[in-house]
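Got some structures for you, see below.
Next, two complexes with chain A in common: one pairs it with chain B, the other with chain C.
Presenting the complex of A and B:
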């Protein structure tokens, strides 16, 4: 069995093991932890999106939180309208309307007509994926056609997310402002209700994660994955070889935004709220560090990184003694991961497997 | 007129923060996301020095410069130095440093865990007393101009002049410019580029520290006050064109005024939104920034 085959077998085994554990977990968890782990799996989906755009294509977006948040808001709007008391007009609008306004979604507050299509939950779910994609396409078109690269992309996406967050907080009559949308109905599909604390949501999230990972793997092993890696390694050379670098980058940027939106939508289901805090800069950058901890150029690594960091983080926040130190540990983790293990957990595991096979030290190659 | 002066003071703060960022970015192509925390630390130096040492605002300016320059030096030596050439990674590492610095202020440098509390630290909001002569308003051309805002502008102009002199008229400055244009060639000619990096990082951080002192005079001081400044300042640097002092100066002026006028006309949020839109437009039509340095 040559090196390549062995690596492939190990990878497949790792994926199988991971998903076997994930799918078996609810049998051992109480409802509280089922819900928590489901939320971590939502973050894993996010981390997969980041791993795709950053680890494979070298585009570091620090505005994933915006796409995540929009995804969350889109479904949250639908689920707000699904609460009986919020008919015909959500409570948050009644609090903010002019006294003589008509109590109808069309015109109760300025812009409230935008809510009308969200009466359909299906619309909310589709919008949660489509709207982030469209926004990313617009922003990405401007950036990539202008050949913006590297840190410029990072800072522009960061600023974009910041503005999005400010606009949402500022338009309280339309978005619920700082508090966001909290009083939500359960998702109901064909008469079946998804209980956020039950296994149904858990399996919905885990299944989505599996699907996202499978689609992403398939994409990476296809031509586009190879081209993206070429772009990451040397953009100019890929361009001279005749590849339309901008379009590839634009595609992966949108794809990753769509994944973030999808994750945001699932977040609404497990956490039962959507708020501007999801679009905070710190949250966007945290997502990147999940992926970095697990291994930026490994989809599975990114999943595990997100699970691990969040699990430790939430355990740490439970204990009052450790809670004030946690941000420092997290900050230290940023520095540590970048300095000491740039390819994350996956990189270390890969090295171990490589060493055990042949007495050949695998040089740690740092991806940008 | 008042709006213009307020815009001028916003621009001045932006300029000081952006100048530091531009020097650091120009020299070593590193984006320091902890740069905003230097503003925050500058502000806290003011809070602590006025509370415990009886300093006034003027004395805090050099003190904050020294303290933040010291922080900058340590950050460069311990973390940033190991990451040259890995731009995106420095973003993450410096963000980690920013998180740590914020939290250290919140928990009183760790003493809070043992029940020791220092007046002026912690997660509460702090205010700084401003000397009486700066609190007055000037009547000029029929408008009321707060003296403090004008003071900020003067300090920024002075710092700009000092920085110009430092970069274009001293030995260190010519080394700095040499390193930012062609690091290897400069190093081959005997320039100690590591030392240049270190000093540039410290000086840039120090500038942000001074901005922090000035900010503390008109805004409440809190551990997370710094973050918005990095983003704004970076936008200024990008819009002005990297490696061009005058570009940073003018783009800070333009963006500060735009933000101030839109903020007065609508509100703060739209002020920032328009600021961002303007930067995107600038990048669309002049990807190299408004003022391209001809040296590359």
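Presenting the complex of A and C:
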């Protein structure tokens, strides 16, 4: 029993330490690194979503990039329209319209009316979370009601991310195509402008990460967290206890998609662009690698994994010799983690803490 | 948990007016091969029924049909006046059927308490569980079930650390915490020591009356311990039904399954 207390204390201490460091960092960083770390924290948010669906409920989605990308585009559309020279019609549409088309959002290019509600930034921000959720609900409903599980879920989600990417690339007059949306205004709320290179964006992202982690932890401490773990352990058993497993999977899949959308929206603010590359297969797989490295069934581990892998990656990419090798290193890291440390960094830390107590059994519960 | 107090043993063949569980002309074919053929079964409220039969007689398949794991090709399953054919495993479980599998099926990476908590929670919808804080101690009901199955001392241990016998008990404990009207047990004594087998038999006799119990068993020693109405299955169909004495002297049963020496040597 006192070992459980010890474990609990260590967990809380780890969370406090992590967030203390995160909130103190901008005091020690220049504006370039403040922006970079803010982007890594965006990835951390996304990794928390993956940890929830994969680590806790056993649903490995390789299409998180689709939800992340949609989130990014939703806000990017609003911020495109917030640039004065993009009125009444964004430049990307002027380049692609028919010569005789009316210069109005309603009909300048086919489908351009879809942009009209994005004149409101608030709409863009809400859509960044709601649209991924709704899409995940539809996709999840079809998959889970048919009892699609395991690797098939991964393949279907991966395929859908590719479809999303192709739709965006192939609809240039509507989406900006391959170039994405890059000429964006700063986010302005109540007269306050968020500078992507200043501490304001950083704290917006860090605060969001804290909120996402707290809400997720609260959820996992409720009965639903236990049922999700049960579903991960043995779906059929959970069914014979009366649980509609599909609904639980659907819920966590949507929740995770919403978090990815939220992260994508914040990405638009730190990186100042949205492009189809966010929906690329490689990016979705990278997200899974972040979570796996940190420890997929640990929210904090997933956060740290995302920070660490991206930090090392960006430092490595600075040397021209190393840059082409990085994807191979990343892939190798994934194989290594899966084979050697299935519970990631968090699992190793937990083992070290546990070792001072008593020897532990293999295949034990992962870090919470 | 009303089962704790009730020790009354029902008569050998208690037939209430309305059976609690009924299989009507139940048939399932796998690639044309009938694994279960035209099975009619009526289980009375509070009955303890044992189904015996050789390997491949369709006993487990019958349980799979009853709990919704597989859909019948023909026939219906009724729970009192409700047709539960094809309503889905979860809905069948909610309407009062608890199933214990032959190989212990528990949540291995969770503690005994967590396993019981998942099982005893009867509010099964997503949003009911979203804001329902999880207690760190067992409820009275969970403690009572753990006590009864001898798992109270191991309540904070991970299921993966338990012995095979304990795993059988844990799954049984989970089914009991579910508080089902009908308990379906697939070879509950498999892999248990003689002492554990005796204890299981005692528990089943204890359950009968307050619960309706349907047991598949291979081990005739165990069947004799809980000896009640026996249904004999052979090649997917019901061959005979009756008390142990009747079954023992049924020529068809002797021919098909028991051998001339009767129950005692099966």
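Here is the rule we use: the second predicted complex is superposed on the first by the 357 of 368 C-alpha atoms of A that agree within 3 Å, B and C clash if a C-alpha of one lies under 4 Å from a C-alpha of the other, contacts with A are read in each partner's own complex, and residues count from 1 in each chain.
Just so we're on the same page, contacts are C-beta pairs under 8 Å (C-beta built on N, C-alpha and C of every residue); 3 or more make two chains touch, one makes a residue touch a chain.
Just so you know, these numbers come straight off a predicted model, no measurement behind them.
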| item | value |
| --- | --- |
| Partner chain in contact with A:324 - chain B first, chain C second, else both or neither | first |
| A:40 touches, of chain B and chain C: first, second, both or neither? | neither |
| Chain B versus chain C as contact partner of A:289, first or second or both or neither | first |
| Touched partner set for A:118, first chain B, second chain C, both or neither | neither |
| If touched residues of chain A are counted for chain B and for chain C, the larger one | B |
| Footprint overlap on chain A, where chain B in one structure and chain C in the other make contact | none |
| Contact set on chain B toward chain A in their complex | 31, 79, 82-83, 86-93, 95-100, 102-104, 106-107, 112-113, 227-228, 231, 234-235, 238, 267, 269-270, 272-273, 276, 279-280, 283-284, 287 |
| In the complex, chain C residues that touch chain A | 67, 69, 88-91, 93-94, 98-99, 105-110, 114, 117-119, 121-122, 124-126, 129-134, 156, 158, 160-161, 174, 178 |
| Interfacial residue positions of chain A with respect to chain B in the complex | 54, 58, 60, 62, 142, 146-148, 150-152, 154-156, 158-160, 162-163, 166-167, 169-170, 281-282, 285, 288-289, 292, 321, 324-325, 327-328, 330-335, 337-339, 342, 366, 368 |
| Contact footprint of chain C on chain A as seen in their complex | 1, 4, 219, 221-227, 229-230, 233-234, 236-245, 247-248, 251, 361, 363-365 |
